[in-house]
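By letter and in written order, the chains are A, B and C; residue numbering begins at 1 in each of them.
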Amino acid sequence: MSAVARAIVEPGFFENGPVQIALAVSAVVSLVVSALGVITVIRGQAFAGHSLADIGAAGGSGALLVGVGPLWGFFLLALAGAGAMELVGADRRRSRDLATGIVLGAGLGLAALFLYLDSRLANASGATSTILFGSIFAISSATIPVVIAVGAAALTLIAAIYRPLLLSSLSRDLAAARGVRVRLVGGLYLAALAAAVALSCLATGAILSTALLIGPAAGALRLTRRPGMAVIVSAAIAIASSCVGVLLAYDSYYWPPAGHGWPASFFIVVLTVLAYLAASAFASRTRRAA
Amino acid sequence: MTAGRATTAGEGVPPGGEEVLRVDGVSVTIDTREILRGVTFSLAAGELVGLIGANGAGKTTLLRVILGLATANVGTVVIDGAARTRPGASIGYVPQKFELDPDMPLRARDLVALGIDGERYGLTLPSRARRERVRSALRAVGAEHLAQARVGELSGGEQQRVLIAHALVRGPRLLLLDEPLANLDLSAAQEVVALLGRLTRERQVAVLISAHDINPLLPVMDRVLYLANGRAAVGTTDEVVRADSLSALYGHHVDVLRLHGRVLVVAGPGDASGVDITLGDHGDGEALELHE
Amino acid sequence: MFSGFMVNTWIVASVVAVLAGLVGFFVVLRGAAFAAHAVPNGSIAGAASAGLLGISVLAGLAVFSLLGAIAIAVLATRDRHDIAVALTLVLMLAVGALLLSFSSGYAPATYSLLFGEILGVSRAELGPTVGLALASLAVLAVLYRPLLLSSVLPEVSEARGIAALRIDLCFLVCVALVTTMTVPVVGTTLIFSLMVGPPGAARSLTKSPAAALVLSVMIALATVWLAIAAAYDLDLPVGFLVGVLAACAYAGGRGWATLRRGRAAVARA
């Protein structure tokens, strides 16, 4: 019995410092991001959510250049990106898609420039990897309070505008008819999204940011029609995937190619995608049952 | 106008003209819900029939079955003598939902040209014959002056006209329109209705228009196909839109009020208390619920 | 700038721009900018693993971008398009992260794959690139009408017998083909800018689809040529210049359209 347990959870897992931080951080991030994810999926703004992560990456590398902490660079540029998307894009789905694409292109172009200058001037050649792929085990415990604070702020903002936001996401016209300031609410949502994405990027890397934002929420919305329930299910999927992912990453230290360990982001992403596929299959099957 | 031939509500005998469409005993079940039950009717050339029913009554489903986009569990669809099982090119169709971006680089004439052979592979050379066909289709719907305008910048009524031209440019025998009046204001709706009535006669097309409100169609409808509870009642307005026939159809008491030539069907209590909004566009009717 | 080794760069860049302009016309029409971004970005995994296995980078890119295109098309039948793209993208990136973690040599090679490198075109790559371009052109010519119809009126096109999955898959495969050709010059990260900016500008400048196609290609060519020239002279990364120039082109187009609409309103008054 204990042999099986030891096979699943390699020794020292729960006592390991970085692991504890990774678990804590991923839990907090999962909570914040998956809640926002439900709104994002409903609004059809998955592209914006992903773009803010990449644009934030540009900000992060720019910050490294100037010597400022990457979080602020991330956050500032992500906010600027969100603002640009709001200004440039309109309400229609297609032109919003185009506007997001343009802003993302400009942002990634900047990232190219900053990374280039980084490697030339500051000689931080690992910068590309850190910013774009991130590592959940490389977070210091000092970041935890910041993570919690920013996360709480984003969630509070969303909670404050929850009803008008949900209404305008489900039916723009209905919301406008009821006096909701659709554009204002949309803008505030993007700001909260920028904060959450910057947070998750720094804590877990750009890939995980998008994966945790979209995957659990998409899966939850296949299982339930009620947005409130979807937030809970989404958070559950996100936290479960992150924790199991961290566990597997820790275990993989002993797997080939030896000594390395596989990246946690790989496991977490695969788990969220599997969760989505399972939810989707389950939903189809229960619908077809006579 | 209407043949005035006495028919029993439920049997769709066309008033004259060649039969173009015959739907026989079509039943459709989706996710254990019986959307349509034994729908039977036929449509003749030069006849305009209104497909009336509340939202969710199965109008779009019926149209999709006719188009070959959905399969009926039971029953057949015969168009021009040939059984229909798959989508093909011979039916004119104006869909309910379409998104014509204002910035889209497509003029009205381009959209109509796509109606000629838009589904064929390979390139074609522009020719005078094609241009003339497009022009005459636009003329027939009274939209010739809009030929060079961006489709996305046209008003709702103008877009409907262009879409009708697109659907008719190849001279089909059957034209289906899914809720064409839904987003139009009163005067635009009246214009489109008058246009459709005229085109039906002139071109001898069989036309089936779905709507949730029967009133705008009253001036031009030859017969009505009323859908409720998955079942259909067919006949003239006087035959079908009556308290007794509709009560039988709905399965509970229904009142029909007539005032100044307008009809109001009061189907009774029991509407959903929440707001149902459809998320996504896959035609499988996924809806999110928002309860007040 | 036009000496020996740069000639290849100019040729390949021009070929890429022509195709990006053509495919990009449909990307913008279909609102598929996310997919256009995801397929190249996700394919970086393929390039990385190709290096590990000793296969050509082009082949790795081709396989991964095609797999991504297929995954998106299939997932999009069950859920919305942007969800399908997001999930495919993160999956491809995760695999990429895994493969990168196995290898050791990292920064310089990956940088040029991601963001472009004007000196990166070898003679050997010229042939396959032009070949791929001609194949893509042929595919686009055959698909032009049904692609246009299904992008503008998806329900009608389905009723006419064009299955949504089939046409979407063909379109995404075209995006994948463009992706495969981009490595030498522009980089996977910014190739999508070429597929979004120039067509975005073109649609503001004309209302005819044929003219928009031509303009899209011309603006893409101008963007790429300017970017290479500036990269060569100012010693800046090509990707950065492409991203910024594409955004400028789009802004220019929008500005022109607003001006024209304002002038028309004044004329009517």
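We take it that contacts are C-beta pairs under 8 Å (C-beta built on N, C-alpha and C of every residue); 3 or more make two chains touch, one makes a residue touch a chain.
Not measured: the values here are computed from a predicted model.
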| item | value |
| --- | --- |
| Comparison of A-B and A-C by number of C-beta pairs in contact, larger one | A-C |
| Chain of greatest Cα-centre distance to subunit B | A |
| CA centroid of subunit B to CA centroid of subunit C, Å | 40 |
| Chain centre separation (subunit A, subunit B; CA means) in Å | 44 |
| Distance between chain centroids, defined by C-alpha means - subunit A, subunit C (Å) | 25 |
| Subunit B residues counted as touching two or more neighbouring chains | 103-104 |
| Contacts with two or more other chains, residues of subunit C listed in rising order | 79-80 |
| Contacts with two or more other chains, residues of subunit A listed in rising order | 93-94 |
| Partner subunit A, residues of subunit C touching it in the complex | 28, 31-34, 36-37, 78-80, 82-83, 85-87, 89-91, 93-95, 97-98, 100-102, 106-107, 110-111, 114-116, 187, 189-190, 192-193, 196-197, 200, 236-237, 239-244, 246-247, 250 |
| Of subunit B, residues touching subunit A in the complex | 31-32, 99, 101-104, 275, 277, 279, 286-290 |
| Subunit B - residues contacting subunit C, complex | 67-69, 86-89, 91, 93-98, 100, 103-107, 110-111, 114, 117-124, 148-150, 163, 166-167, 280 |
| Touching residues on subunit A, where the partner in the complex is subunit B | 42, 92-95, 166-167, 170-171, 174, 221, 225-227, 287-290 |
| Residues of subunit C touching subunit B in the complex | 29, 79-80, 141-146, 148-149, 152-153, 155-162, 202-204, 206-209, 211-212, 257 |
